[in-house]
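In this document, chain identifiers A, B, C and D correspond to the written order of the chains, with residue numbering beginning at 1 in each.
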């Protein structure tokens, strides 16, 4: 009984159980379901610690090489250790160093990385909306209608524009989205089934 | 202007510098962000998952059931050594199997049945004899054509007859409307993100606003 | 001009399209939509000292879009002398929610524990929403700062949703669906939602079916709410910058097609 | 939408998919052509000619449990085999340590089978950061420093999708994307060279690996889709006459 076979049996048993428990409201089943969810969260938390340790090991190895890149690995190692150690010593209260680092370093960097999208949306639009075929024309027109309809200037051009944009968003657009979602539903159900039946073994 | 605002400004400019080109200033910010986010998540997971759900029940309340997830979790540690990596497969199978099982009914309900029921609902309103405008009727029919043609487009083994071909081409046009409208619609909130950062830089830092 | 320089030019134009309007500070709101007016009226018609529960359900990265909305609603609640109970069902939104509530409370000299309270974060959001239907004090024995809630004056006549006149979920994701499925369906709560613009269409069906009483979204919603409140906040300040930068995106799309037209003509020659 | 309807449809779909999966049709099914999938091989070849690496990432939105991630890792199996045979370097950054370990296993065994185990570089498969924009910033850094010839953005993406796609375009990579996130699909359609729309990502491995079992389950999906089409049309017709059967059977 190789370890792969054990894994496939576990995948089959838990898969069928989770599928069936969706329909059964018995107390025993619900408790087992909650326990499985707790197991998953615990395993995930431990794998994140494994991931953190692996990342630390990778950067420590780069650090030891003392080439021109190791200053960056030093930054990552210091940042990880700072967060972990400072939370142990000073806790994670509102004015702890841990919260200070989150509020003044991590949060601004994350918000700024997200805001890069404002620039990338424009450069992608410049390149992506070139009308080279009929479908490409429909793509550009739909985007322009919604863009104009949702801006103040759109209202000034004609007060029907916002309602036209609303109509496009709530009718043809939602219809096509449903066509896509049905496909995604079928595709993911088939993939999940292949995993449970052991046909899909890429994860082993 | 406090120290913390200055630090936040330096971090913001470091990330923005990537727009010009990749540079050491950005690379340092990136590596600090990686470290902080890993540290932040480790501490949060320790406090909100490991302590309440594993360590306290296992060691304080001596609830021996905690042994099972602990062992499964520890097999994950085996992955750090290639020769032992295969011992983590049972824990992996548990996670992937339960996820697969859970997704089948949930995906089927949310992605298929609920969507299709919503496309039929307007027709039921007509059937109930409700007072509906002409625009509503046209929109209802156009939406139905959209769902049907988009679904026909996604057939893998569809015969190449003229009728099926034209229906699926109609589906392509509906898909293009969806992609264009969604792009136009999401641009607003992406621009707002930059407005927030500029208000921080111009307001809190340079206090021009 | 090669592709890299064109891209940098576009980035510069977007930067100016956002920075200059913010500096010139032109107030531009446009027509107030019915949804925002409905949202405003629901709070306006509450008597003073009624209980408003505000739930901060967003991640740190969406703060730019939800802050103006949250500040407008909290400002309105303070003007109406409502008693505000703050909660958060998203880890990252917890600290930001507390800062905003503290800021508006200081401005209106509200007394903590009497006029307003901040209960903080709960990881299992479905369990938390359901538990507050039974008893808020049992779900939150201690508030965000660790003080015991049972002894607070605000909880003397506040046990669960029955005493809560209105719940407002300020969200950037699907959290309001859990509020509707568990709080509205099971405890008949009056629910309103303030959302990021990209989440709005997902919740229009809930508004038309009456499950939620009011909906307002994005910077435009905040600007409209501020004009109803007749005060100047992040919404109205940002609206002009948003419209100008949005127009720049439109011009960039048109420019892309003009360049394409000339390239094709040159190739055709 | 009643519980019985859901049970009916889930059971019916399972029966059809299982029946066809195990009765894999010998005759080759002529599947419709999907340009994005055809371009996968061309992309790997192009990167190898330019002497540049390939970058493959599965997005911040999905963990190992999600079927979309499993489908993406399936496609990685094919891409890794092709790249290993050409001797091309593969870089795989991710936000989830479990996905990192699974991908490591796939890529290492691909190099092993191609007999090029010494070309395999373990530190190219990295767990970079669990946070959405820590992950996006890290991948941006890797893309602009390694200048990949081809980029595969496959899996569940959220706000970070366009950040990665636009950075990939800046570095001149041929980009093939595939996702089940409907909002991000519109960004990928505009920013990438090829895009697999929703379910096309799930079927990519069937097209590439000639795996009859997976091909057969796609044929089964078409049957269920046909059934659903018939049900919607008849439900709409009946609803017009006041028969709300769609509440029961959908």
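In this text, a contact is a pair of C-beta atoms (placed from the backbone, for glycine too) under 8 Å apart; a residue touches a chain by one contact, two chains touch by 3 or more.
Everything numeric in this text was worked out from a predicted model, so none of it was measured.
A.B. asks: Quick one: name the chains whose C-beta contact count is the highest of any pair.
C.D. replies: A-B
A.B. asks: Measure off the straight-line distance from the CA centroid of chain A to the CA centroid of chain B, and report it in whole Å.
C.D. replies: Taking the average C-alpha coordinate of chain A and of chain B, the gap between them is 4 Å.
A.B. asks: Nearest whole angstrom, what separates the Cα centre of chain B from the Cα centre of chain C?
C.D. replies: 20
A.B. asks: How many Å are there between the centre of chain C and the centre of chain D, using C-alpha atoms for each centre?
C.D. replies: Roughly 34 Å, centre to centre.
A.B. asks: Measure off the straight-line distance from the CA centroid of chain B to the CA centroid of chain D, and report it in whole Å.
C.D. replies: Using C-alpha averages as centres, the distance is 15 Å.
A.B. asks: Quick check: what residues of chain B touch more than one other chain, meaning two or more?
C.D. replies: Residues 15, 18-19, 27, 29, 33-34, 36-38, 40-41, 76, 79, 92, 95-96, 98-100, 102-105, 107-108, 112, 116, 118-119, 144, 147-148, 151, 154, 175, 178-180, 182-183, 185-188, 191, 193-194, 196-197 of chain B touch two or more partner chains.
A.B. asks: Can you tell me which residues of chain D touch two or more of the remaining chains?
C.D. replies: Within chain D, the residues that touch at least two other chains are 6, 10, 13-14, 63-65, 67, 70, 98, 102, 128, 130-134, 137, 159, 182-183, 185, 187, 189-190, 197-199, 203, 218, 221, 225, 228.
A.B. asks: What residues in chain A touch two or more of the other chains?
C.D. replies: 19, 23, 40, 44, 47-48, 50-51, 54-55, 102-103, 106, 109-111, 113-119, 121, 123, 125, 127-129, 139-140, 143-144, 147, 150-151, 169-170, 174, 177, 180-184, 186, 188-189, 191-193, 195, 203
A.B. asks: Once you draw an edge for every pair of touching chains, what topology comes out, line, ring, star, complete or other?
C.D. replies: complete
A.B. asks: Which bits of chain B are touching chain C when the two form their complex?
C.D. replies: 19-20, 44, 48, 118, 185-189, 191-199, 202, 208-209
A.B. asks: Can you name the residues of chain D that touch chain A in the complex?
C.D. replies: Touching chain A: residues 3, 6-7, 10, 13-14, 17-18, 21, 63-65, 67-68, 70-71, 73-74, 76-77, 96-98, 100, 102, 106, 123, 126-128, 130-134, 136-137, 159, 162-163, 165-166, 169, 180, 182, 185, 187, 189-191, 197-199, 201-203, 213-214, 217-218, 220-221, 224-225, 228 of chain D.
A.B. asks: What residues on chain A touch chain D, complex-wise?
C.D. replies: Listed in rising order, the residues of chain A that touch chain D are 19, 23, 40, 44, 47-48, 50-51, 54-55, 58, 61, 106, 109-111, 113-114, 116-117, 120-121, 123-125, 127-129, 139, 177, 180-184, 186-195, 197, 199-200, 202-203.
A.B. asks: State the interface residues of chain A toward chain C in the complex, per the touch definition above.
C.D. replies: Of all residues in chain A, those touching chain C are 94, 99, 102-103, 107, 110-111, 114-115, 118-119, 121-123, 125-132, 140, 143-144, 147-148, 150-153, 155, 159, 169-170, 174.
A.B. asks: Which of the residues in chain B end up touching chain D in this complex?
C.D. replies: By the definition above, chain B touches chain D via 15, 18, 21-22, 26-27, 29-30, 33-34, 36-38, 40-41, 76, 79, 85, 88, 92, 95-96, 98-100, 102-105, 107-109, 112-114, 116-117, 119-121, 123-124, 126-129, 144, 147-148, 151-152, 154-158, 175, 178-180, 182-183, 186.
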